[in-house]
Structures are given as C-alpha cells and as structure tokens.
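Below, subunit A partners subunit B and then partners subunit C, in two separate complexes.
And now, the complex of A and B:
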C-alpha cells in the first residue's frame, strides 16, 4: 500500500511541476496539444519499476524522487566559445537550459542552406502527436510534456550544408535545487540533401536533468552524419531519445561518445522504412567512479534490403555501470536484411557492472543477422608482449585500453571532435591505477 | 509436394486421436477446482509425511499471491486453473490387439525413426507379450541399480521409503515460490521420479523414465528430483522421440538436480508432444516447465541437453546454479517449431563460485508460422572470479512466415570474467536443396544433411540411440515445410 502511495506522489510531483511550467511559459496551442498528449501518456506509463523491460538495468528511482525545478531560459552565460569546435564558429545552435538562444547562436554560414524555425506547420505537429501515441519511454514523454519550444531544422531537397552544424546544449545547473529542461528538436532532411551535425552536452555546474528528444526525418537519398558528445559533470542526469525515420536509399550514420555521469541514458529508435535505407550506430563510453551510461536501441527493419550496423564499446572502471539493451526487429517481408550488432565491454575493476541484452526478433527468412557481445579484461598475452618490448606494465595497460576505445573514436568524422575526445574521454584512461 | 510427404505431417497430428485414449472416470478423481482442501486431500491420498503437506500448503499460499507470467514471447488464451482436476487415478488407454490395428501412418513414423518392434508396441499401446514385458525389463534394471545402492523410484514411493532424503533436498533448487507454475506444481504434484546416486558411484546404465514402472501416466504436474553425491555420475534420459499424446493440455513439471563435490549429472530430454492442429494451432499441449540444477559441490557439473520438437507452447529454461568452486554448467538445445507452435526456451547460468564455467549452445529451427525464441541469462556474481561463459545461439528459418528471436541477458559484476555471446540467423533454402538434388542426393537426405550439420554440436551430446532418432525426427518434421 505504501508503495502505491509513494509512486503516486512521484508522478504527481511531476504533474504539479507541469502546472507551474505551463503558467510560466504560456505555450501556444500547438505546443499545448503536444504537452497534453505527452502528459496523458506519461500518466499511463508511470515511472519504471525494477522489472520494467526498458529499464531493467537502469535504476531511475532516485531520479523520479528528485524534486526538480523548471529551468528558466533567460539566464545569460559566457564562456561557451571553448565548447564550439573550430569550423563550426558560424554554424552553431546554442540551447541554454533546453531553449534555443538566438543571441548566442551563430548561423551566418548556414543561413542560406538551412531553415530554422519554431514548430508551426500542422504536418509537423501531427507527426509529433502520432509519434507520442506509441511512445513507450516514459522519460521521452516527460520531455515532450516539458519542452518549452520545438526547434525545427529543415534542410531542403538537394541541400548541401557545407559546414558541420554544431548543436550545443548548455545547462546552467543549480546544486541547491536541481533543474530540469527538455530540448526538443525536429530535423527534416530533404531528398538527396547532405548534412553533418555535432551535438554536444555540457554543464556549467552540477544539478540538472537534461531530457532531450529529437526526431529525424531523413528523406529519399539523403545522408546524415551525427556525432554526439556527452560531457556533463558527474552530478547531472542526461537522457536523450533519438527517433529516426529513414526513407529509400538514405543513410544515417551516428557516433556517440559518452563520458558518463550519475545517469546517462541514450535511447535510439530507428525505422528503416524503405528499401536500401542504411543506419550505422556506434558508441563508446569510458566510465570511472560511479559513472553510468546506458544505451537502449531499437532498430526496425520495415523494408527489404536495408542495412544496420551497431558497434558499441565500453570501458568500465571503479564502480561504473554500463548497460546495453539493443534489439533488431526484422519485419515480415523485410528480406535481404543485413543487420549486425557488436558490443564489447572491458571491465577493469571488481566493483563495476556490465549488463548486456542484445536481442534479435526476426520475422523474415532470407536475412543476414548476427549479434555478438563480449565482456572481458585486457588480454594477458598482449600485456606480456608489450612488457617484453620494454613497456612498463602500467603504460602497456594504458595503451591497450586506449586502443580499445579509440577504434570507435576514430570512426568520428570530425578531426576536431576526435582531438578533443583524445584529451578528455581517453584521458580518463591515463591516470587510472590499473 | 507429393502425397507421401503430406501424409507424413498428418500422422503427427490428430490421426492418433481417432483411437481415443479414453479415460475411465473413476470414483477417486477429484472434482475440478483448486483450494486448500484439494491440496490437503492430495497429500492425504498419497499418505504423505507431514513436512510434505506443509511444503504443499506453503506453495499453494505463494501461488495464490502470484500472477501468471506475461513476459514470455508466446500468446495463448488464459488458462482457467479452476477447470482442472488436480487428482485422478492413473488413466487407462485403450489397449489394441496387435500392431495391425495401429494407424499405418503411425507405423511409418516408427519405421522412419527406427524404433524396435517391442518398443513400437509399447508406444502404440499394444498388449505386450510376456517375453518383451517391459515391467520385467524394468525390474531387472532396477535390481541392477539397487546393487550399487542407487535409488530410482517414483517420488511418491520415495516419500514413503526415504522421506528424510526428499525432505533435505526437495525445494532447495526450485523454491516453492520460484515462479507461478513451479508454485502450482509444488502445491499439487502427484508423481514423478526420484533418483539418488550414493557417493563414489558411477551409474552402470543410463537411467531413463522409460524404465520406471507404474508410471505410464504421471499426470500433468510431474516432479523430478535427482541427487548425485560426491564423486558420482549419472546420465538421465527423459521423454522419447515418438509422438506422445496426452489428455491434459497443461503440463507444469518441475525438475531439480543437485550435485555434490566432483559429481556430474547429464540430463537429456527429447520432447515430442502433440503440437495442436497444424492449420489452426488449436488443442496442443502447453509445456511450462521449470528445470534447474544446482552444482552445490566443488568441481561438480551439470549438463542439460534437450531436443524440443513438440507442444503448442514450450516455456522452459533448464538452468544451472554454479555455486561450488570450479563447477561447470552446460546447455545444449535444439528447438524445432512448426505449424503454429511457439517456443520460448533457453537457459540461465548463475555463476556464484570461483572459476565456474558454462557453455550454451542453442539451435532454433522455426518453420511454417511458428515462433521460436531463445531467452538466456548469464549472470556473474561479484565473487565469481575467473568465471567463463560461452554462448552461441543460432536460428534457422524455414519459410517466410516463421519468426526467430533471441533475448540474451548478460549481467556481470566481476572484472576477471570472460563472457562471449554470439548469434546468427540463416535459412534452409531451395537453392541448397537443389544443389544436393542435382548431385543425386534425395530431398530427404538433403534436409537431413543440412539439419544435422546445423545441430551437430547438440546431437553429439545426446546418447547414441537418442541422437540417431532425434535427427530423423527433425528431418521428418521439416519434410513438409521446406520448398
């Protein structure tokens, strides 16, 4: 009985928070419709319990019990320059506490080729509403309910965006009372268009919950390269849901580098809707202390001859926790599917956890599907070999762990990002006392 | 498709039901329904010691608070547990005069599977002449086992003769409240097998349920308990390849295995129960089984081998709890589904002790409109240093309406472990068969070759005669589906 009461209060707290949020923000009718739909879905789903299939390995109890404040969007911040990659100086969108900041964003380089607007078109509203009806991730519902705006980024047909677009999510944070904010984006990539995007999450201090949802509509023959860099401070929650719809012969290549925090949850839902669609999802995480990164992936092969590749690597040390829950679903009739999934975990301490659930659901008979998962340590023989060559044990270990993670980092197509990750993410492997 | 091939599939279906395994409703069959009084009555009827009644009541109390599991990847109309009679005296099947009366198609299956004549008679329920009396064969075996101190008897008998042994081990591997069906079984089971291998004993023969006398019909809630003491070994066989029919639709068995230091149990199952109407999938058996072994001692080993080819729904996860240091667990499985069958099967390997190792080889074959899921868990505890696991789960799809799923759960909390998991999906295609046929190899042999290649790793774990029969059985079942 007490259980039910407690549960009720957790969800009611968020419902009450939403009332304040609406009063402060006064959303327009389109946004209100999304909020309403998302809230009712949120009430149906409720916060996950420990046996919930989507959150089997992710403990969200503490998060659900936290009393958040809604972030105020108007705060001014400096020092964002160091987070802008060179090459993106004139093509960056800056979100401060979940809301696009027009003054900080610089769009000169992409003004002509990219249209950025707030949610207006009825079609877009409908798309978002439809996707909400089938939303099973309670945190994605929450994000939809608390989004102050929906930023629509549109690349017209045959549009070639010359420079990479950087999207920087800055959170100001509040250590005394954690803040919550929900950036919401809709990307519309036109036919045969090409775009490269770097998304980066940073925080000024601890004490916030970034709950991002983005939709990608990738039209026929288009190509998208997405790179995500998560480098929040430890005391921050970072949840994101990326929903991707890929049409005929279009490509969506993504790489995610997470340095972990108290709880990071990446949820990808990819639908290969027409023949020849292709998706690549790569991910790497390096965890220390009590950091956690959880990946949840669903890839739906809805049409024949689509390709999906996933490769995730995690290096886990101290009391770190990592989980991977990925399912490839091959629908009936989706013949000649080629699906691959590989998860490698490197465990460096006795207190860390690595949980994996690589699932396959196949309803077609002429397919090539494979998955693999490994959990292990540094190979003693490799270590020995390096030592025979005069390397110290410590350095040999460092070299091996670094190269393990680096193979994913190197798939990132932006040298600036790789350079940065070498000095941040992979740096974490250096100091450790392995 | 030739007529001959069509008829093969028919024979595995309701043809046999024409012979109506009629049940004489005897006076001591309980009325339908389940309540505490029924549980007490079962215990009384079997004249059980008091601990057993308490065990049953505890299980029943647990069961009442539990819900039917909804997580398996199978769909079926809900079961009315109050519509089942929980105790009935052994049912009688109609006895036939000679093999001539048996359906010729059934005979053809027997021939294909290469079942010996006397065994055929027994399976087809033909009156057996004195020379081949299975009872006498069984008695001889039992005597031979007794000489070595091996106890092999129905569990109801064991409760009378060796209550302290049963009390010590029953429910230690599968607790009364382990899951919905295990709790139900614990409350109402009526019979099953009990095996005890004393220390330093290698069982002189493979023990098979087939030898067990007085247990033609163990009922739908079967309970098996096998204990293998220090330095002992036993191989236990369950089921048979010939199609089995039963009047009970729901089967919820529980099997518990315990191995002490340096002991080993090898448990092989071949299951081929009625799978329901091929067109509609109605009427097949629901096989909801809890099988679990505990490697309690150091260096002990438990090996599960299963060939699952029947039942409308299979829900079964033979598991190993690797508690003793250096203990090992193995799981070899071939699960074939055709028609409208649904199987959600796999294993759990729980590593607790140091240097424990486990390997999982699972082969799923899914034909027609069936659904075949592998669900396996590998859990490595904090103290299981140097634990190793290797899992391989392959699926073969036959026909574009079938489906194959894999749901592995890999959980590790120790850095000295090595866990590998891989899975792949392939198909048996017209091209492959055409190639064989173009080389002058018959279609039947071609299917057999492909299947035997696919399942080789599992079949080689089966006792010889089982392996040969199992392979033929799979070929037979797939004849209709390919091409």
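And now, the complex of A and C:
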C-alpha cells in the first residue's frame, strides 16, 4: 500500500515539475505534441519497480525520488575548450545543461555539409511521435517530455562530412539542487552519406541527471561511426536512449567508453530494417569505488542478410557494478542473419558485481548467431608467465587488465579519443602503491 | 650454481616431488627424462616460483641464495629462466613490447638504463633471424594463436633476449618439426658459455643429439632413480623406462 502511495508521489513530482517547465519554456506546437505524448506514455509506464523487465539489474529508486529542478538556460560557462577534441574545434555542437548553446557551438567546418536545425518539419515530428508510441523506457519518455528542443542534424544524400562532429554534453551540476537535463537529437543521414560523430559527456561538478535521447535514421548505403565517451563525475546520473534505424546496405558502428558514475544507463535499440544493414556496438567500462554502468540492448533483425556484432567488456574493481541485458531478435524472414554478442567481465575484487543476460530470439531458420558471456578474474597462469620473465606482479597485473580493456578502446577510430582514454579510463587500472 | 637438496613438494597436501637432490654447476648441461606424470614439469615450475606448489621439506639454493624464498620475478631477475612445456597465451599483450619490457626489467634491476626502443628492435630482429622467425611475430600478441612449434620458438626467443644464467627448458623440442628442432637447438647452443647452465627436460634422444648433455637423470614418481652420462639417454630410447622403474 505505502509502496503505491510513494510511487504515485514520485511520478506526481515529475508531472508537477513538467507544469513549471512548460510555463518557463513556452514550447511551440511541434514540441508540445512531443511533450504531451511523452508525458502520457510516462504515466502509463511509471517508474520501474524492483522486477521491472528493463531495469532488473538497475536500482532507480533514488533517482526517481530525487526532487529535480529543470535547467535555467541562462547559465554561462566557459572552459569547455579542454573537452573539445583536436580536429573538432570547428565542428562541435555544445549542449549546456541539456540545451544547445549557439554561442559555444562552432560549426564553420561543417556548415556546408551538415544542416542543423530545430524540430519543425511535420515528417520529423511524426517520426518522433511514432517512436514515442512504442517507447517502453520510462526514462526516455521523461527525456522526451522535458526536452527544451529537438536538434535535428541532417547530412544530405551523398554528403561526406570531412571532419568528425563532436557533440559535447556539459552540465554545470549543483549538489544542493540537482537538475535534470534532457538533450534530444534527431540524426538524419542521407543515402550514401558518411559521418563520424563523437559524443562526450562531462560535468563541471556533481549533482545532475543527464537524460539524453537520440534517434538515428541511417538511409540506404550510408555509414555512421559513433564514439561515446562518458566521463561524468561520480555524483551524476547519466542515462541515454539511442534508437537507430538502418536501411539497405547502411552501416552504423559505435563504441562506448564509460567511466561510470553513481548510475550510468545506456539503452540501445537498433532496427536493421532492410537487406544488408549492419550494426556494430562495442563498449568498455572501467569501474572503481561504487561506480555503475548498465547496458540494455535490443537489436531487431527485420530483414535478411543483416549483420550485428556486439562486444562489451567491463573491468570492475571495489564495489563497482555492471550489467548487460542484451537481446538480438531475428524476425521471421530475416534469413542469412549474422549476429553475435559477447560480454567479458574482469572482476578485480570480492565485492564487485556483474550481471549478464545475453539473449537470442530467433524466428528464422537460416541464421548464424552466437552469444556468450564470461566472468573471470585475472588469469593466474598468465600472471605467473609474465612474472617468470621478470615483470613485477603489480606491473604484470596492470598489463593484463589494461590489455583486456584496450582491445575495445583500440576499436575507436579517433586517435585523439584513444589517447585521452589511455590517460583517463585506462589510467584507472593503475594499481596504487601499497 | 643450483643446489637442490632433498626437495619435497606438492600441491594441496599431496606430494609430487618426493625427495630430489641435484647440483648443477656453471657450464653444465643436465637432461631430465622420465615417464609422463613423473614430476618433471612440477620440478621446473617449483624452481621458477609457481605459487600453486608448496615445498614441504628440503632446500634449493641458486648462487648461494635461497631460491625458494624468492618471488617468480626475483628469480627471473637473478637469472633463472623456464621455457614452458605449455607456453601461456596472453591476448592483448604485444609480443615485441612484452619482450622489451622483460629485457628492461632485467636492465633496470641491474642499475642500467632502459634500452632505446630502436636499439631493442634491432636486437630483436637479429635474435629472431637466428631462430628463423618471421618479422610478423613482433606484431602478434604474446603466443596468441601461435601454433605449438611457434610457441616453443618464442620461448627460446625470450631466452635469447634475457640471457639467463640457468635455463630450464621443459620439452622445448615437442611440437618442433625436424628443421625447427635443428634451428632452435643451434640457437640454444649459441647462447651457451662457461658461465651458464642448462636443464633440458625431454622425452627424446634426438634433442640430445643436438644439445649434448653432461648428465642424464631419470625422474620417476617424484624421485631421481638413475643418473648417468649421455649414454643413458640412448639406453632409455631403445629400452624404455621399465628396466629401471621400480615396481610400484
């Protein structure tokens, strides 16, 4: 009884918050339609209870019970330069507290090849409304209800974006009054177009909830390379829902590097809609203290001859926690599907925790699918072998954990990002002197 | 150099090495033969510091130092090298980089500076050439996906880079084809001098045709039951172990 009451008040708090949000932001009719649809979906779904299908391994109680504020858009910040990768100085979109900041964004290098606009086209609105009807992630609904705008990034047919586009999500953070930030993007990649994108999440200090939702429409023959770097401070929540639609012979390759925080939740929903579509999702996390990273993945093979590869690795120390809940659904008729899914966890302490639920649902008969999950400690024989060659135990351990995580980091196509991860994410593996 | 005195050791309370004494001096080559499961590899692993084995009695000194008190890495730095019967695959660790790290670990502990990477590359190329190893093994990850013979060659490459005082080669010949056996043996012979020593664990006389032992020992059920010169290996080859192994 008290449970239901409490739940109701939690959801009510967000509904009330939304009223304030609408009063302050005065959204246009296109946006209002999205908000309303999202809000009613939110009410239907409600916050996850303990046995929720999507949040089985993720405790969102504290998050749902937090009294958030929504962002005051006037916040002025500088010092973002250090978060912009070299090569992206003139091709970066900067979101401050969930809202695209026109003055901090610099687009000179991509002005001619990329169209960036606010949501207005009816087709785009309809696209988002349709996806909302089927949205079963309550936090994604929340993000849709609270987005101050939808940023539409369009690469025209045959467009070749010469430089990588960086999207920087920066939050100012405030522990006394945590804010909820809901950046919302729609990517439209035209036929035979090619684009590379780096998304990076940072915060100036703790105390915020970044709840990002993006849709990717990848047209026939197009290619997307997406790299995500999550490096929020510990006391920040980071949720994302990335929904991808891939058409004939198009490719979507992504790699996610998560440093973890009090709660990081990555939700990927990928639909391989036409023949020859291909998706690669890779992920790596290195967790210490009480950091958490959770991945929830659904890949739908809806057409024949599509390819999906997933490889996720977690290195977990102290009381860190990770989970992987991934299902590949091969529809009837999706013959000659090639799907595989691999999760490897390296556990470095007695108190760390990893949950894995790799899953295949196959309704076609001529397919090549494989999946597996491993949970292991440092291999004692490998350790001994390295020691017999004169490497100290400490160094050998570090070498083994580092090489474990490195194999995913090395799939990242941007040397600048790899260099950074070597000095941040992989640095976390250095064993402190005892 | 190496002095083993009445060594008893085992794992989880069951004794595998049941009283072995052996002394190896500078410049000597000892061959250890014996049936499967007699404890040859266990002895090699104990000498190189494998944490799984427990010594229950006896003593081992190396250059007058208590070997059993030292960690595996300390033994390596002190000059003990084991060529593994089953070299371990370490995916994700580049072979050439690993070899350089191992080489540097030794240099640094000897108070020397780390080797210049280009100089090391040259040294490595030269050593690989003498072992008939193609350049691509630099790029590969440590033993990852190597064939049995390639792994054994890579062990000898490590030995050539580390130049140990005492090398214990556990069935390095198994898995090598006849040409590779000759090349590897020649490589090992080149590394020999009056200041180092070699323990060869093998089942086959043919290795001992290339690397001629001064002593041959037969290990059976955790004990050395017979020692002799290289003619003993010939006798074993033709007659097997039955004539010397005690019944029960």
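Note that the second predicted complex is superposed on the first by the 430 of 434 C-alpha atoms of A that agree within 3 Å, B and C clash if a C-alpha of one lies under 4 Å from a C-alpha of the other, contacts with A are read in each partner's own complex, and residues count from 1 in each chain.
Keep in mind that, in the parts below, a residue touches a chain if its C-beta (ideal position, glycine included) is under 8 Å from a C-beta of that chain, and two chains touch if they have at least 3 such contacts.
All figures in this text were calculated on a predicted structure; none of them were measured in a lab.
Counted by residues of subunit A touched, the larger count belongs to B, out of subunit B and subunit C. With both structures placed on the common chain, the touch criterion links A:133 to neither subunit B nor subunit C. Once chain A of one complex is fitted onto chain A of the other, the partner contacts of A:81 are absent, as it touches neither subunit B nor subunit C. Residue contacts after overlaying the shared chain place A:354 against subunit B, while subunit C stays out of touching range.
Residue contacts after overlaying the shared chain place A:123 against neither subunit B nor subunit C. Applying the stated touch rule to the two superposed structures, the subunit B and subunit C interfaces on subunit A have no residue in common.
On the subunit C side of its complex with subunit A, the touching residues are 48-52, 71-73, 75-77, 81-82, 84, 87-93, 98, 101-102, 105-106, 109, 158, 162.
Interface residues of subunit A facing subunit B in the complex, by the touch rule stated above, are 53, 56-57, 332-333, 335, 345, 347-377. Against subunit A, the residues of subunit B that register as touching in their complex are 71, 382, 385, 395, 397-425, 427, 429.
Those residues of subunit A whose C-beta lies close enough to touch subunit C in the complex are 379-382, 384-393, 395-396, 399-400, 403-404, 406-407.
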